[in-house]
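Every chain is named by a letter (A, B and C) in the order it is written, and numbering of its residues begins at 1.
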Amino acid sequence: MRSGATRRSYDGVVACLPVTIPYRRYSTNSAHWWIGRALHEITKRARLRPQDIDGFAVSSFTVGPDTAVGLTQHYGLSPRWLDHIPFGGASGIVALRRAARAVQAGDAEIVACVAGDTNHVESFRKTLSTFSRFAQDAVYPYGAGGANASFALITKNYMNTYGAKREDFAKLCIAQRDNALSIPHAMMKKELTIDEYMSARPIADPIHLFDCVMPCAGAEALLVCGEDTAKSLDQAGVRILSTVERHNAFPTDPMQVRGGWALDVDELWSMAGLTSRDVDFVQTYDDYPVISMMQLEDLGFCAKGEGPDFVRSHTLTNDGTFPHNTSGGQLSVGQAGAAGGFLGLVEAMRQLTSQPLGSQVPDADVCLVSGFGMINYDRGLSSCAAILARAV
Amino acid sequence: MTQPLVRPKRKNPLARTQLPLTPPGVRSRTAHGLTAAAAEGRFALQVCLDCNTVIYPPRDACPSCLSARLPFRDVDREGVLIAETIVHTSTEPYFRERTPWRVGTVKLDAGPMVVAHLHGDAAEGARVRLELKLDKSGAAVALALPERDTESMADDPHLREMTCDPKFRRVLITDGRTPVGQAMAKAFSDAGASIVFTGIADPWKPFPGLDSLRKIERVEIVPLDVTDTESVTEQAEQNGARIDIVVNTAEHVRAGGVVHRRGLTIAREEMDVRYLGLLRLAQAFGPILRFRGADGVNSAVAFVNLLSVHALMNWPAYGSYSATEAACLSAAQCMRAELRPGGVKVLNVFFGPLETEWFQTVPPPKVAPETLANAVVRALRQGLEDVFVGDVAEDIRQRLAINPKALEREMAG
Amino acid sequence: MQIDLLAFARAVANGDIRVIDLTQTLTQEFPTIVLPPELGQCAPFRMEEVSRYDERGPAWYWNNISLGEHTGTHFDAPIHWISGKDLPSNAVDTIDVAKFIAPASVIDCSRECAANPDFALTIPFVEQWEERNGKIEPGSWVLLRTDWSKRTYPDYVGLRHDGAHTPGPEPAVVKWLVEQRDVHGLGTETIGTDFGQGQHFNPPYPAHFYMHGKGRFGLQCLTNLDLLPPKGAVIIAAPLKIKQGSGSPLRVLALVARGDA
């Protein structure tokens, strides 16, 4: 930071009330319906009326032509703080950052942060074709492989540069699948073997079927409020020790081998007063296993290029040496559009309040959650991370 | 190594014809600066006038200094192919039926990273050169070619899809009575066209060159009079389904102006031969060309208009002629939009005075019929849309871009 | 004298008077006269369909046509040539309509033309015909039967590197036919009433020069002249009534009494 000033802590603010609306592969309902389900769940569990929600942050790819404003009238909300956060996989942590500061400043008391998307049969194609101006002009006309083709190029380059093998990515995916087996609404319900992974059909070389998330419909949500407010709502809160956010980091890197976390990693740990050894489990944004590996490197668990080695020398299941994507990540649970950017955050909150949907990570006290997204042209632009802790 | 094309077998008459699809063709307005470059065969990217940064993808503010002065300029097209992938599945029907499809990221020596289609001989890690090509949607795309030409490289499926190569295709030259028409027939025969239909009107009226025309390999003379609707319709009915490229060589050149003329008979003939002739050809051949835009190796692929450059700026000494050519240019622009859904290109080839009899008294430089014909073949091989042949045409193009009003005065002499 | 026109009509209806069509069909393929390219050209026949029981006109079929005054089988009026430009009643709309019906003398030179496309009709040739068939009556059409209409293109047009080679009259015979025989006009099967290489005669194009100069008419691109008797046929040739027209395409009919041809 230019000024050398330290970042303000998040003392007094908590994240609580993790909500997941179980995913469905295809849905004829609108995104408005899915987001509405999540809001409804929040009001039911917290025994609130819609009017009690005075802050609202929403993320969705399929809620058009509405943005957050249209949704206030749609749902009967009258918030005094409103944000629309279209950052894909970075939406969750960014919503958390925005909402936390609003609560701290007294601009809002109870902020609902919601991400929800529907998945019609033509949703995927339509989303791809209008994703960004650079995608329209300079990516989509080239094979229209979507993010799969773009990340295939990133994966290929990473493998060429650092010697990563498909087997290394396999280990990541297989461990995540193990973690997902106890999640009822996971799209992928069977164990994944190394043979299945290696012989899966190619999507865009070197990416094969099990390197890709399954798009689906669903919603994830949480509440951000003061510690006292959480208690009064009878909700277990999770503390926020530190957060970072960055967009379009390292624009002169020819191809993406690192994300913005590499720029902000020191601030992330020093704000929390912790090191990477203090973390009990990690949620990375796993649109593709190569990005998870980059996060492990850029967030300080190993040096750049040592991601493959790190994965080889750890077990990433919930009962392993390095529990990672403990509900299976998007690769096993599915990607419900922007809700994928909330998935890790909501799972971290469940583990840190001992109310998991699946298996509980032992000694789950501190979690690092990472977000990433928005492949605008040839690289993901947005990166963010948060270190969360169990309430004392 | 590119697998050389083999001459396609006869089409099974009972098989359904593959219908044309187009790749995504939506582009921002600024990105169409690439389309303009691709149409002429240039490689141009935005270059910031204030800090000299070469910029890609196209945009509206410099990513180095935020300047808005970002004109498109010809830049070095060489670079290195950093990474490639083969797309196996796509949600876009056009690509879905053409997978596996190679794309890659090229680091240009000039600076930017460019996601590009890959020629089969462009290898990961090796040096490549980029071309801007118009794909079947009519918008520009980048294609990485190997650094040096390789054998049979025009036969690469990606490249052939973006070009209008006459090799193994059937061509119709609409008027073989003139030196231009005859040079065109020879050029297409030499370029490997499998049939060169050559239209002759008024068979009872002799013309020079008929014997040589008959001797050109794979030329088939057919009756065709572009001033006769029935004649054009009949030709399309008989041969339309096996014509992949139409080259309209029907010409009508007379000196004379608009005020400086007595009577309208010459103007009527001009318009009938050139403008209405074009409309007849468009109506008769347009639908079948469009229908066959994806019909195999010898798919329908182009309609070529030979236009005076004075379609763009009237030359009063040939003023009525210029006006007629302008009408043809506008019609060709309409045809471009109408044929695009079939992936069929309309190539406009502009030239100044020709070395032909009706330009006899015009001083050089003039364009010889052979030069024009070779330029047409070359432009089709490159998949271009707007080509200027000869010094005069190029000069007019440049002056038009700088100050059309000055050019208007200069053309009047 | 009582003339029974109804009897005439009955005779036509029952075939006692045969009606022979001397007209070529107007088609796009039919050749026109070709002049040096710097000069104005005769428009060829063209048709554009307006509708054909379709969305452009559901219950009808019709065409717009375009053609010149001298396209296909056509009539030349005196005003067509410089030598006749100042004569009274010299355009198709001002010629006395009685002149559109006239007898014909048909001079057969088909055998000579078969051997020689540059056959030129001379006074002696006509005098020999008169010895066999009697003098040409004043006010008669002189129709040159060359059988040229049976030829296929391009022979019919006969264009070579130095122009057309088709049969036609010498200057002297045209002058003689006008001055000594007071003919109505000259009709031919070829394109044009003049000899193909007529530009080299003195005067050039004498059929046009002399005929029109003396207010006489021309008919060209005729056919079926081989079905006519040397004398006795009556020609109906009425051009369109075009304002100050120099000629027009028309239907040329020959009436021939049964037993005459």
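FYI, a contact is a pair of C-beta atoms (placed from the backbone, for glycine too) under 8 Å apart; a residue touches a chain by one contact, two chains touch by 3 or more.
Note that the structure is predicted; figures quoted are calculated from it, not measured.
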**Asked** For this structure, which two chains have more C-beta pairs in contact than any other pair?
**Response** A-B
**Prompt:** Whose Cα centre is nearest the centre of all Cα atoms in view?
**Reply:** B
**Fill in**
Chain centres computed over CA atoms; the one at greatest distance from chain C is chain A
**Complete:** Per the C-alpha centroid definition, the whole-Å distance linking chain B and chain C comes out as 50
**Item:** Mean-CA-position distance for chain C and chain A (Å)
**Value:** 94
**Message:** For the complex, give me every residue of chain B touching chain A.
**Reply:** 23-28, 31, 56-59, 63, 82-92, 94-95, 101, 103-105, 107, 113-117, 124-125, 135, 137, 139, 141-142
**Asked** Across the complex, what residues on chain B touch chain C?
**Response** 202-206, 225, 227-231, 263, 265-266, 268-269
**Asked** What part of chain C is in contact with chain B in the complex they form?
**Response** 28, 31, 34, 40-41, 43-44, 46-49, 153-154, 156-157, 159-161
**Request:** Could you please specify the touching residues of chain A with respect to chain B in the complex?
**Result:** 124-125, 128-129, 133-134, 136-146, 148-150, 152-154, 156-157, 160, 201-207, 251, 254-255, 377-378
